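We just call them A, B, C, D, E and F in the order they show up, numbering each chain from 1.
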Amino acid sequence: MSDKVLLDYGSGGRASQRLISQLFLNHFSNDELNRLNDAAELSMSGRLAMSTDSFTVDPIFFPGGDIGSLAVHGTVNDVAMMGAIPRYMTCGYIIEEGLPMADLETIVASMGEAARHAGVDIVTGDTKVVPKGAVDKIFINTTGIGDIIVDPAPSGDAARLGDAVLISGTVGDHGLTILGTREGLEFEAAVQSDSAALNHLLVKLVQELPEVHVMRDPTRGGLATTLNEITGSSNVCCELDESAIPVRLEVKGGCSILGLDPLYLANEGKFLCILPEEHSEKALEIMRADPLGQDACRIGTMTDANPGKVVLITALGGKRLLGMLEGEQLPRIC
Amino acid sequence: MSFEFLEKFRDPELCRKMLDRMEAELESDLRFMEVCGTHTVAIFQSGLRSLLPKKIVHLSGPGCPVCVTHESEVNAFLDLAANERVIMATFGDLMRVPGDNGRNLKKAVADGARVKVVYSPFDTLKLAKENPDDLVVFIGVGFETTAPTIAATMKMARQQGIKNLRILCFHKTVPLALDALLSDEAINVDGFILPGHVSAIIGTKPYEFIAEKYNKSAVVTGFEPLDILQSLNQMIDWRKKGEAHVVNNYTRIVGENGNTKAVEIMYEVFEPIDALWRGIGLIPGSGLEIRAEWEEFDAKKEFGITIEDCAPLKGCKCGDILKGIKQPDECPLFGKPCTPANPVGPCMVSTEGSCAAYYKYKLD
Amino acid sequence: MCLAVPAEVISIEDDTAVCRVDRGQTTVKASLMLLPEKPELGEFLIIHAGFALRILDREEAEKSLRSMNLAVEGV
Amino acid sequence: MSDKVLLDYGSGGRASQRLISQLFLNHFSNDELNRLNDAAELSMSGRLAMSTDSFTVDPIFFPGGDIGSLAVHGTVNDVAMMGAIPRYMTCGYIIEEGLPMADLETIVASMGEAARHAGVDIVTGDTKVVPKGAVDKIFINTTGIGDIIVDPAPSGDAARLGDAVLISGTVGDHGLTILGTREGLEFEAAVQSDSAALNHLLVKLVQELPEVHVMRDPTRGGLATTLNEITGSSNVCCELDESAIPVRLEVKGGCSILGLDPLYLANEGKFLCILPEEHSEKALEIMRADPLGQDACRIGTMTDANPGKVVLITALGGKRLLGMLEGEQLPRIC
Amino acid sequence: MCLAVPAEVISIEDDTAVCRVDRGQTTVKASLMLLPEKPELGEFLIIHAGFALRILDREEAEKSLRSMNLAVEGV
Amino acid sequence: MSFEFLEKFRDPELCRKMLDRMEAELESDLRFMEVCGTHTVAIFQSGLRSLLPKKIVHLSGPGCPVCVTHESEVNAFLDLAANERVIMATFGDLMRVPGDNGRNLKKAVADGARVKVVYSPFDTLKLAKENPDDLVVFIGVGFETTAPTIAATMKMARQQGIKNLRILCFHKTVPLALDALLSDEAINVDGFILPGHVSAIIGTKPYEFIAEKYNKSAVVTGFEPLDILQSLNQMIDWRKKGEAHVVNNYTRIVGENGNTKAVEIMYEVFEPIDALWRGIGLIPGSGLEIRAEWEEFDAKKEFGITIEDCAPLKGCKCGDILKGIKQPDECPLFGKPCTPANPVGPCMVSTEGSCAAYYKYKLD
């Protein structure tokens, strides 16, 4: 294969076949994918969780991961947030003509590795190569599917009065890492993306505690936005204890320079767990037993104070709204 | 020194005591106004506002440089952004500020304008070098804190022989604006929290007129909760005694004469000019303009840009809010239709505007 | 827009200081062009838009804290 | 909403929510999507078919369809080619900052309409907005899932000696339509894309004829490439009767000017059906009874002449190889 | 690369003819700059790279066909 | 007239009769060579080749303009494509042609070059107008069929005052190349199928030397199966009679004098020059060069491009194939490593090359 990706590699012709067999099958190989049918044949049954995400992160390689591993983690996590065991994944690559083949191989290898680690098979895929300038380097879509193992499945509208709000670790690491790679921003932070597959931990959690009401990963928009979505859907108020929210000093420092709030920065390896008060200690115990949840802690409670809103109880003991942003200035973190 | 030490200025315990003292000492409403958007945000974000005694009335003055950037100035930079030769460079704060017909820089980018958000005006040097065939225009907005950084950038550009950098200079200075505000009879403020970082540059002397001419108190204050609480307690004491003072509480950063080198650099490049303030109007001598000796950088000259006053906004109560006559949520437009996503008046424009802070942080 | 943060000087090269922000390992570069005097390593600068505006005066900071404590004594 | 798509609409904040609720939910509305969870909860069982495709067609609006309807048809068809009833779909939008909102709405409406017509629910989605220049207008990924209703499912490696090769209608319509929209190509053809959802017809076909060996849609690379894939996987030879292959005169004409072969042009509403000889008449009958298969005909036979190859028997009665192209000159037809 | 196709003139504007290719409704534009004479509507052109190279001579075509048929007569 | 009428030239029934006649009349092998890539493709694509009697030996000459474009010419346009000022315009045929180190235009695009595939050279006028700050360079490749279209485009560009169009002129002419080929003693061909569309421009006279000088037959032929079969039958008859003729069988398109207007335009702009043919070498007078009066369009002059001969390719048997001494699949490199995706020699380069056609269409 040539040292750059050419349009021919997305043509459906011989060049496409070479790319698929020599690169994708090589790194993703499994019986179903290898058949190269229009669709994969899967055997599943009962209640399924299905989720999709497109990944357009810039830069495509960043401390702690790359677009390939991120594309696995993002989707595996979304499936697992439903109390499901992620089983199968599809991937759709859109590649810019001229992308170094070595970069593509690194990404595909990283994706294969992440999928094996998460225990999911990539069973079907699609590759498009578009003319130079029609896409920025590479975008990846992944769609995942898994078996839901609890009934009812955790859901964003299932938070209830009195529920404890837990977070699995520090917030803002991924968002600040991406910012730190931006040219022109003259800061350096010893921090890396938290991008990780949470499914093994999440499955353990719901198996032992099927009482979990909500699980959700605070990705784009960060903790604040995700909690606002949940309080909005569940019509409860989340009272958050600012001092309890774990934020790395490096992330705090980076945010102070840029005038940003870490609660709005993206995470790619954290989850919120909302469940009845009485199970919160047990949940924390399970979370902390896993390296991906070792900094887990309780950060708030669902109350009836301001239904639909998130209220931050500040370090001073004051209260203020933690609203949803209109948009954000920081593009392409996922 | 250490960061742990600096964190003492946020000590919750001491804050609580300050608040208790305040509650105990207050005899009647104390109406105070901060003149810096960073204070506005600090007071809301820390939760301090929710802890202040009812008798403390918190008002926000014309303290956000983005909010007071005049409609005509906004339209001028939006027009310029549409120019194909131009790469606009700007602080992120200006990206959502609306011009006429709902235009803003975010939409300009969507329409094909090249707009680059910079963290420091210094970044424009690199941008200019990387785009030798284009004109990089930096939108010079900000008070005395910021103006020297632009002046220094211009000096560096001249030194490096950069020919394709322009500054669209809309800088404004704080003391004369305060004077204009205070000269309004309707003003109803007991004391001022003065902008700490503006003062780091200009020192404390330019504010002395506040006590002398208007018999009001004013404190140069830092941005930590204790800084603010301490200043409020002082104002309570002074009012009890019937006194009015201008004092510097932010001595760790602010010297009496400020940063003379920065002031020098600022006035080497800029000179005072009459300026239009959004929501306020013309304030003689309250703006900065690029001196003739530096006109090679002057985007206004290059593009023949002039700034004219225009009719005030219908229904917007910003005038009353800036003067402390009304609170944001007393404006009938607040929240509907006026929101940060769709601001009607200047106070909703920037995240540091008083209406925007109310909208974003205040619990009902 | 007048946001400025304190940061500790950890190295200086020409007219630029590399400074630590907060207690973690995050650093930022700041131009010293506007400072009347050159800071020492370990001193704190107040940084705005990539420029150091002032060196933080430790004694004044301690004085302020003392007077704050004094103000509420006996409360 | 503004008249152009802004970065804010992909931020995960309020602007994103407005876009989702006012645009996507409005056109796609169904119970599962409306819950806006990280993943959709589906109830299925048994053998499932799952397929993904990214759509990057340029132009995004073309005679006979647009990228929204195409994104439904492409995936629905791939699922149905497995002998499955397509049930659910996900969609991932990647939108260029500055895309006219009216264009987006047209596309979303068209996608909603196509999904309803195909009888699939769009149950979860993802929207990214990337900076101007980072993508060319809009790309859409869809992933579909359906219940396989035959055992074994048709498969590309299941063609057998003696099988009849049927095509559901004229070939090259989509490819030539897209070429006809290209600036600079001074030809006009009264032809439109054949983009269509074939699932209702395909389901009828396999229900009545579970003996079908292979079903596949000759998209990118056209009839020739798809047949080469099948002969390669099944290790049989496809002898094709050139005169029997239906090609519109308009497509023939366009190809003659450009020096192209219609057998390599993409189709988006046609399928190949390969099945035992004795069922071919019945299959054609079923196909012709549906407007989408009215021009169906038999075009060839699987033999042992040149295993793995496709042989074209020309109008003159000659024989030649119908190979696979290295790549192709015609980018972004899907 | 010397590919050229016959096409029927359906309209002419200035030095450009719109021509029908094959029996369907596909048309192509061809410059007439290289043609010694202007074609009539309904005549056939041979088109290469956007230019008409020649007008097809119907009588010669018929002659050719006749001689082809003659050549195999009795075979 | 009608398309139905034209389709009679493909009548399968008559083709069969022609083939039967051929079989009947053939006494020994007839080795014929076509000199036009379009004929090569027509013979393979129609399936005609598989129907020809075994005694008919089909050989492909130097008839594809892409294949005979010299290695140095290919490197020259690849070098130029990398120039940032340049937008290359080209027929699609050249996109995959390999230069040294495996370079080609497709890879150049991936590396950032701007290359635009055009259907007609006329399209370059629009391209030049749309990109006034760039230089549009069209790669002028092709025989007499194509060269007049480029000449006409240059005339139009001058008329429209277009200043940023250049032609990288590598055009070649057929008759002298045939002469060179025939002068080789090793040549083993009984008769030639002459390029119909080249002849539409130059007429039939320039080929008369084939019979006169070399005593071989040659027929100007159309591209339909019957055109080709009829010509082969004639050659069989002539050989029987021991005659050699040059005749025109494509009279519906080709006049004795060709298209005099097109020839005039072609030679108004171009003049003959010695040219290097890939796989053959230097053939005096067999190329076209832009005349001094038109040098404002001359990319070779503008960029100082000269074309030098270089060593022939190792292992490639194209020389023998072009002369009819070997068939493509007799080359040890055929199929492995030499394929259309990864061509070693000229005959595998373009889809009209003889090795490429073998690879693409021939059944084992």
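We adopt the following convention: contacts are C-beta pairs under 8 Å (C-beta built on N, C-alpha and C of every residue); 3 or more make two chains touch, one makes a residue touch a chain.
Nothing here was measured: the structure is a model prediction, and the numbers come from that model.
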Co-neighbours of subunit F and subunit D - touch as defined: A, E
Third chains touching both subunit E and subunit B: D
Inter-chain pair with the most contacting C-beta pairs: A-D
Subunit C and subunit D, separation of their C-alpha mean positions in angstrom: 62
Euclidean distance of C-alpha centroids - subunit B vs subunit C, Å: 21
Gap in Å, rounded to a whole number, between the CA centres of subunit F and subunit B: 73
Whole-Å gap separating subunit C and subunit F, where each centre is the average of the chain's CA atoms: 76
Sites on subunit E at which at least two other chains make contact: 3, 22-23, 50
Sequence positions of subunit B contacting 2 or more other chains: 106, 119-120, 123, 341
Subunit D residues counted as touching two or more neighbouring chains: 6-8, 14-15, 131, 186, 257, 326-327
Touching pairs among all chains present in the structure: A-B, A-C, A-D, A-F, B-C, B-D, D-E, D-F, E-F
Subunit E-touching residues of subunit D, taken from the complex the two chains share: 186-191, 248-254, 256-257, 259
Complex contact set, residues of subunit B against subunit A: 10, 12, 15-16, 44-51, 92, 95-96, 106, 117-120, 123, 126, 225, 340-341, 359-364
Of subunit E, residues touching subunit F in the complex: 1-4, 6, 8, 22-23, 31, 33-36, 42-44, 46, 48-51, 53-54, 56-58, 60-61, 63-65, 67-69, 71-72, 75
Of all residues in subunit A, those that touch subunit F in their complex: 2, 4-8, 14-15, 97-98, 131-132
Touch list for subunit D against partner subunit A, complex: 6-17, 35-54, 56, 58, 77-79, 81-82, 84, 88, 90-94, 123-126, 128, 130-131, 133-136, 139, 141, 143-146, 148, 153, 155-157, 216-217, 219-221, 225, 229, 233, 324-328, 331-332, 334
